[in-house]
Amino acid sequence: MNFLSLFVLIPALMMMGLFLSNSRKQLLFFMTAGASLLMIFSTVLTYMYFTERAAGNAATMLFTADTVWYSAFNIHYSVGVDGISVAMLILTSIIVFTGVFASWKIDPLPKEFFLWFCLLSSGVYGFFISTDLFTMFMYYEIALIPMYLLIGIWGTGKKEYAAMKLTLMLMGGSALLLVGILGIYYASGATTMNILEIAKLHIPIEMQYYFFPLTFTGFGVLGAMFPFHTWSPDGHASAPTAVSMLHAGVLMKLGGYGCFRVAMYLMPQAAHELAWIFLILTGISVVYGAFSAIHQTDLKYINAYSSVSHCGLVLFAILMMNETSATGAILQMLSHGLTTALFFALIGMIYGRTHTRLITEMGGLMKVLPFLGVCFVIAGLGSLGLPSLSGFVAEMTIFVGSFQHTDLFHRVLTVLACSSIVITAVYILRMVGKFLLGKIQDPHHEHLTDATWFERISVVTLIFFMFALGSAPFWITNMIHESVLPVIGQLVK
Amino acid sequence: MELITNFLSGSVQIEAYLGLSLIMFFAGIYGFLSRKSLLMILISIELMLNAADINFVVFNRYLYPGHLEGFYFTLFTIAIAACETAVAIAIIINIYRNLNSVEVGNLDEMKE
Amino acid sequence: MDYSSFLQMNEEFSLLMVMLFLLIYDIFAGEKGSKYFQPIALVLFAAHTLLNCIPRDAFSIAGGMYQYVPMQTYVKTILNIGTFIVLLQAHKFLNEDANRIKRGEFYFLTLSTLLGMYFMISSGNFLMFFIGLETASIPMATLVAFDKYNRKSAEAGAKYILSAVFASSISLFGMSLIYGSTGTLYFSDLATLITASPLTIMAFVFFSVGLFFKISLVPFHLWTPDVYEGAQTNITSYLSVISKGAAVFVLFTLLTKVFGHLVTQWQPILYGLAVVSITVANVFAIRQQNLKRFLAFSSISQAGYILLAIISGTALGMTSLVYYVLVYMFSNLAAFGVISVIENQTKKVLMSDYNGLYQTNPRLSFVMMLALFSLAGIPPFAGFFSKFFVFSAAAQQGYYVLVFIALLNTIISLYYYLLVIKAMFLNKSENPIEVVKSDFPVKLSFVICTLGILLVGLFSTIYDQIGLLSFGM
Amino acid sequence: MAEQIIFYILAAIIAVFSILAVTSKRIIRSATYLLFVLLATAGLYLLLGYNYLFAVQVAVYAGGVMVLFIFAILLTNRPGADVKSELAVRRVVAGITALAGVAFCAHIIYYNVNKVMVTVAQSELTPQQIGHTMLGTDKYQYLMPFEAISILLLACIIGAIMIARKR
Amino acid sequence: MQYTLLILVLPLLSFIVLGLVDSKWSPKVAGTIGTLVLGIITALSYLTAWEYFSMHQVAGVYEKVIPYNIEWLRFTEFLHINLGILLDPISVMMLVVITTVSFMVNIYSLGYMVNEKGFERYYAFLSLFTFSMLGLVVATNIFQMYIFWELVGVSSYLLIGFYYTKPSAVAAAKKAFIVTRFADLGFLIGILVLSFYSKTFDFGILTSGNPSVFASTVGVSFMGVSVMSWALGLIFIGGAGKSAMFPLQIWLPDAMEGPTPVSALIHAATMVVAGVYLVARLFPLYIVYAPDVLHGIAYVGAFTSLFAAVIAVVQTDIKRVLAFSTISQIGFMMVGLGVSGNGGHEGLGYMASMFHLFTHAMFKALLFLGAGSVIHAVHSNEMNHMGGLRKYMPITNWTFLIACLAIAGIPPFSGFFSKDEILSACYEFSPYMGVTMTIIAGLTAFYMFRLYFNIFWGKEHKHEHTPHESGFAMALPLVFLATVTVFAGFIPFGHFVTSDRANYNIELDTVVASISVLVAACSIALATILYRKESAVPKKLATTFSGLHSAASHRFYIDEVYLFITKKIIFNNISKPLAWFDRHVIDASMNGMAGTTQWFSLKIKSFQSGQVQQYAYVFLLGTLAIALMVIFI
């Protein structure tokens, strides 16, 4: 058993523990222990990754393991990581860890909540460590379905509608995806479902024309690509804090990761030919999401549309098909994951105090909630791309990379995408200005209490990593960059 | 007259048998689709089964007389038809006990 | 006359023994003995199941009237397990005062339909097949009408027998035409003699609708929801799983082995039926309030998915099909089991009755949820794997569009499965269903189903075992 | 010649009474017409040389099934109840469908059925022959279905009794 | 010169420490730490300047010194963001300016802000700003500059919005950030275009004059304009945003909502000249590859200058007057750059512009700090609430007067020398430009003295408390800056900063000088007549030119235009319809699919009628249909 499998096993064991536990303290113990373990583990993994690479191991995937599972379909349980996966695993660990602290006081049914939360996280981890199309898809779906209950039971507002919509739309995406995966498998004539192996084969171009759009759109739905993004505002707005964090922070990244790892990697010719369609769609996402965010009054809606915009940028960058923009895309995933998780965490905490999320009903909260307020401003600044926070590094890498494209069309699109940074500033500052700054609107808000210790842990962890990524990107960019190369090499070929 | 004798000369054409069974079969279908009483529907079903039996026998006799496949099939089918009728009538009587009627139109408590 | 060859029909004989023993026991056991009737029956049946689960070499007896291939053992074992679960779930129901007197009949009739299915599966001749088909369906009608003073049950019985007989007479007419055009009723001979003339095609169509009826494909499905709703829930689950499972397997073998020459004809037929079945059933299902009706439509659409395995016509398809049936059996029986437990105690079957079920009956809700997720094809439950394999089998033959349509339909199906989950977990209720008590056999059945749902997918051994035999089909 | 004439007479009886059986308003008449049809069918079997089948047909149908029918009719027919006729629309639709079905099937069968008659010596089927075939286990012998159908019959009896009895 | 790193690191540390500590330490400690750090880095800057200008001259040309240059983020083989320190004459000069002013402001704030809540936060932000601004000027590559450019923008945002409970401050901060952000977009795109062709961010390579760097741009044009013009024009937009050039000047007056020392530091002396610095930094590119853009810069500068001067004449808020004056003066600097040639006497404009930047920083900081002192005393920004303060606040009065004289261009104050050089360069460029700029200089003198007289002379206004001179902490910077203002003009600036980094001896163009002094003197006289004592003339003039007056006092309605564009067009006509579209078209179409399925489900329910005969009918039809289809199709 490969040690990467621990990433899936730990959540599974956590579930077992939770299942057997019968007091709230035990629940929290299992969760924090598990989440910390995952966190430590991802750190160790990163360290090992670096040492392995430093030792000159140039394989595409490290720590690979392969066990035959369903031989009739050549389904293997095969795992392995490259720099991209490592980055994503770190992200997931951070967010699971902080998510646990953000849902410290979840009510009702805490046990069930954490059970589903664990299932969700095991799905996400599994997705990132898989190198087999089938297991990848399986984990993808494992990660989707707990969302329904998590939103439906513990959500707020129009939760049932939102949960249903989110689940169905994402399942719709996965339906497209499954056709794509089957198409890839059979059209390539592969005798394996391992991505790396299939990449060595050639899928006939006319088949690529069918399956590339399916696969890309399938993953794109999860990446909130226009016009399949509408689950995102409703879903995120209704979800409980930790779920919003995990979903916007990590789950949406599955889309970008999948687009890159599966759609682009395995069908490079079609990617080349059809990229322009998706570039336009994702370009629209970027600008459209940002513009839509301006007009929202619900904090979560603002952030959800902002996610549409930022995740659009991920897909946009991937489609630019050069190493820099692709590196940028991965960085943007990380950055957006951290930033948006922080946002949702803070929004949840603020909502827990004010019981409203409408910026029109709040004001001057900075005065009563200085800690949360400052953190919120930091999150906002991160989101709008302040240097030294993660967003800047990611966005700049994307823009510089995309602009290196030799085709004028792509450069013009890049310029349009760049314009989102202004619009982002507009809605972020509008939001901050309306509800944090100014005078206190509601007299009830005068006596709110600032963050508790567990909330602080959650928030500070996220901010720490945002700074770490934004101030010293070199430790992770090289890792990502070298892992992007095989895919880009495939595309350039 | 000569026409008639010419027509009648020789053995009966297989088409005639098959046509007859077809008429019987579709008469049964017509009955099944149009009758109101459950018993009448059952009568129609007897016609349909019987039509198939005729087919078997005729095919056996006219085309494949080497073995008795059609013959036996018909034999068993008659038994099966009897079973069906018995069970169906038991159920119809049960319906009558429940609804005090054997009209098929009354069987609509469950729909949509 | 060498009758000893009959002894090779292990499964049929052992089942017949069980049936006859129970019949005699039921007749002659007194008050005291009748207490042990059900335990004995269950143990005997379990023994029968265990004894007959090892595949043997293929053989053919009675001049090809009965043909055995090892795969049949698996199918029969799956049916046995399913029947066993149904019997476990019916345990409490049959102990009720009103039903005690009829339980001997219940067992005998259930097992005789099972025997009919055995004949169907192993038949090598249309006559045997027809007898098997009728044995599987005529006593079934009496089972459907089992709760005879219940108007719905009576009505369902009438609908079932009329529809079944109508279908079988059309099928019979088709068989007669097949005989007329080929001159044989033996499967092995037919496979070579049959040619794609209009007459054979028409005969084939007439014949096959009898099976389509049993599998309840659209547009031959209309009886299904009514009968499922009206029949006693345990019988409904039997009908939806065992009867259907046997029929799909038989359809597969018939199509590939007997009508192999008509492949260009039956593939488009199945294509159309799959699309129509899945879609129409799903569209109907989303509106259903009665859970039994709801599951009826769900099972119709599941049948449509199974067609994807049949249409591929390959060994892969065969394996996927048997596997699908196995998984479908666990999932559907779990769902019906929950419904029956609740219905038997509270007479509530509407979705709105299930509001807030999780508050009062967390375990039942949990089992129900697993079952529904499995039916919807959500990993890591077995249903996901079976669906994937079925789709894969179809995609391998290039039926991408069909797979695509089927997948789009999974979204609709997920929607209505989630409606039930929503009712149980999300909705609040003023007066939720009281705490439902279930006896040991029912609990055992849930354990079996849950284990099936959880483990069958994750452990590939079962699939591999089935796959080993599928190449011989 | 005689065979021809007999056939056409039987055919006429079958056709006419089939249609009458499914159109007659009164159920007891329908049952009677059905009896005629079944008897005429038995006649056809005789005409085709299957005497045994003739006997079975008469015994099972006329003797068994018809009795069941009559009992059922008498049990469920309340004297004085109005005999309502079917809706015209339904009859027309059913009629058109049936006619279309006849036309379609007739077309297919007529143009595709093998019309080359195989003439073999019209030998009488002896009871020995029938018994031998019925209880044999080789190909074209029918012991197994014979046994199988016995189970079916048993099950049907039990089932029918269970449904029909009072408790 | 390794110690230069400390100049960057210390304020950053100060920011982190003060930011994390928040209000756990007493305000005094925080202020002391901040000021101490600034003192140290000011000393270090002076040391750097001394060392650099004394030692690093090779053959009469100052060489560039790069003590640090670390790769921070690699994009491609050639494109990577380095963080480093580039020392050349302009950056060293900027170091001196920034640290000096910043140090003064820090000291000043000890007195000015002492009673404010959030004192630590204030010092933290100041440190952050200083760090960012220093990072900006020592940037070794254009992307580093962009990074710090953004950081500067954020610190500005934070400081403008320091009084975050005041809605107008919040709005002003937002406006400042968004407008400059918009301009930064131009900067960013400019960088992208530039780097796309040059394959480098490094200033050293970009400005090396090696034609092979831009070989790929030859003949490449987009929409009829050469790509280099595009790139440099777009980069200038960035500069224009920060330096409040027309039409992006709107944020600066509003930015006066921030604390006054902040206005002195950021919105007068340092950050707003970042645009000038940027153009100066890329001057070799402008002059070679896009002279048309350079001329455009000159015209924009001139227009902005005039425009702002006119508005300044009628403003009554003293900080606003100073703000418009800042805009106007930056316009001067831009003009100076725009009209400049390269090297030697040709490069006079460049030199003058930098000189003016230097002197302006000093006297404008002085003006703002003086204004702060006044505001501190009377608790109001309005001229009407002031008057006759010279009796109460002698130090402020005198220092303010010195600054006014300097900005008006009266010799021997520093402003005279720098402005005179710019005017000379303008006259050399084109007489019209020269005349225009001279008129603007006159206007400058007029409005500054209007301001001066209104504050310190004129009718005394009733005050609740008697105004009093500020304390030592506030007076010290005033005096220091006044001293610098008096003597800075005599610095032989041409020996330090020139376009080709070679020595250049400034020669006073006597004709130009005398004209400008004359004009200034006349304006001052006019202002004296009008405003020294209360008189009815200004009012009369205002009514005579009511149209112009009201237009000018409404800042020529530029803000309204912006408001129209943002509120009406972007918010109401783009964002709102898009949000609507998203909910009611995109989302509705997704819901519509679900709805259609439901509707369909309802429509076909009669299909399942419960009638067994209908079932059979469908069954039969199905059978026949399948048979028909398979046989005949």
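Per-chain numbering from 1; labels A, B, C, D and E assigned in written order.
Convention: a residue touches a chain if its C-beta (ideal position, glycine included) is under 8 Å from a C-beta of that chain, and two chains touch if they have at least 3 such contacts.
What you see is a predicted model; the values in this text were computed from it and never measured.
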| item | value |
| --- | --- |
| Given chain C and chain E, the chains that contact each of them | A, B, D |
| Each chain counted as touching chain B and chain E at once | C, D |
| Chain-chain pair with the highest tally of contacting C-beta pairs | B-D |
| Distance-maximising chain from chain A - centres being C-alpha averages | D |
| Geometric centre: closest chain by C-alpha means | A |
| Most distant chain from chain E by Cα centroid | D |
| Chain A and chain B: spacing of chain centres that average the CA atoms, whole Å | 67 |
| Chain D-chain E separation of Cα centroids, rounded to whole Å | 102 |
| Chain B-chain D separation of Cα centroids, rounded to whole Å | 5 |
| Chain centre separation in whole Å, for chain C relative to chain A (CA means) | 42 |
| Residues within chain C bordering two or more other chains | 127, 131, 134, 138-139, 141-142, 145, 148, 157-159, 162, 166, 170, 177, 180, 198, 202, 225-226, 287, 415 |
| Touching two or more other chains - residue numbers and ranges from chain B | 18, 28-29, 32-34, 41-42, 53, 63-64, 69, 72, 76, 80, 83-84, 87, 90-92, 94, 104, 107, 109-112 |
| Per-residue multi-chain contacts in chain A, two or more chains | 168 |
| Pairs of chains found to touch, sorted by chain label | A-C, A-E, B-C, B-D, B-E, C-D, C-E, D-E |
| Chain E residues within the chain B interface of the complex | 605-606, 608-613, 616-617, 620 |
| Contact set on chain A toward chain E in their complex | 165, 168-169, 226-227, 229-231, 233-234, 288, 291-292, 294-296, 323-324, 364, 366-367, 370, 381, 384-388, 392-393, 396-397, 399-401, 403-404, 408, 411, 414-415, 418-419, 421-422, 425-426, 429-430, 433, 436-439, 473-474, 477-478, 481 |
| Chain E residues touching chain C - in the complex, by the definition given at the top | 594, 597-598, 600-602, 604-605, 607-608, 610, 612, 614-616, 618-623, 626-627, 629-631 |
| Of all residues in chain B, those that touch chain C in their complex | 18, 25, 28, 32, 38, 41-42, 45, 48-49, 51-53, 55-56, 59-60, 63-64, 69-70, 72-73, 76-77, 80, 83-84, 87-88, 90-92, 94-95, 97-99, 104, 107, 109-112 |
| Touching residues on chain E, where the partner in the complex is chain D | 613, 617, 620-621, 624, 627-628, 631 |
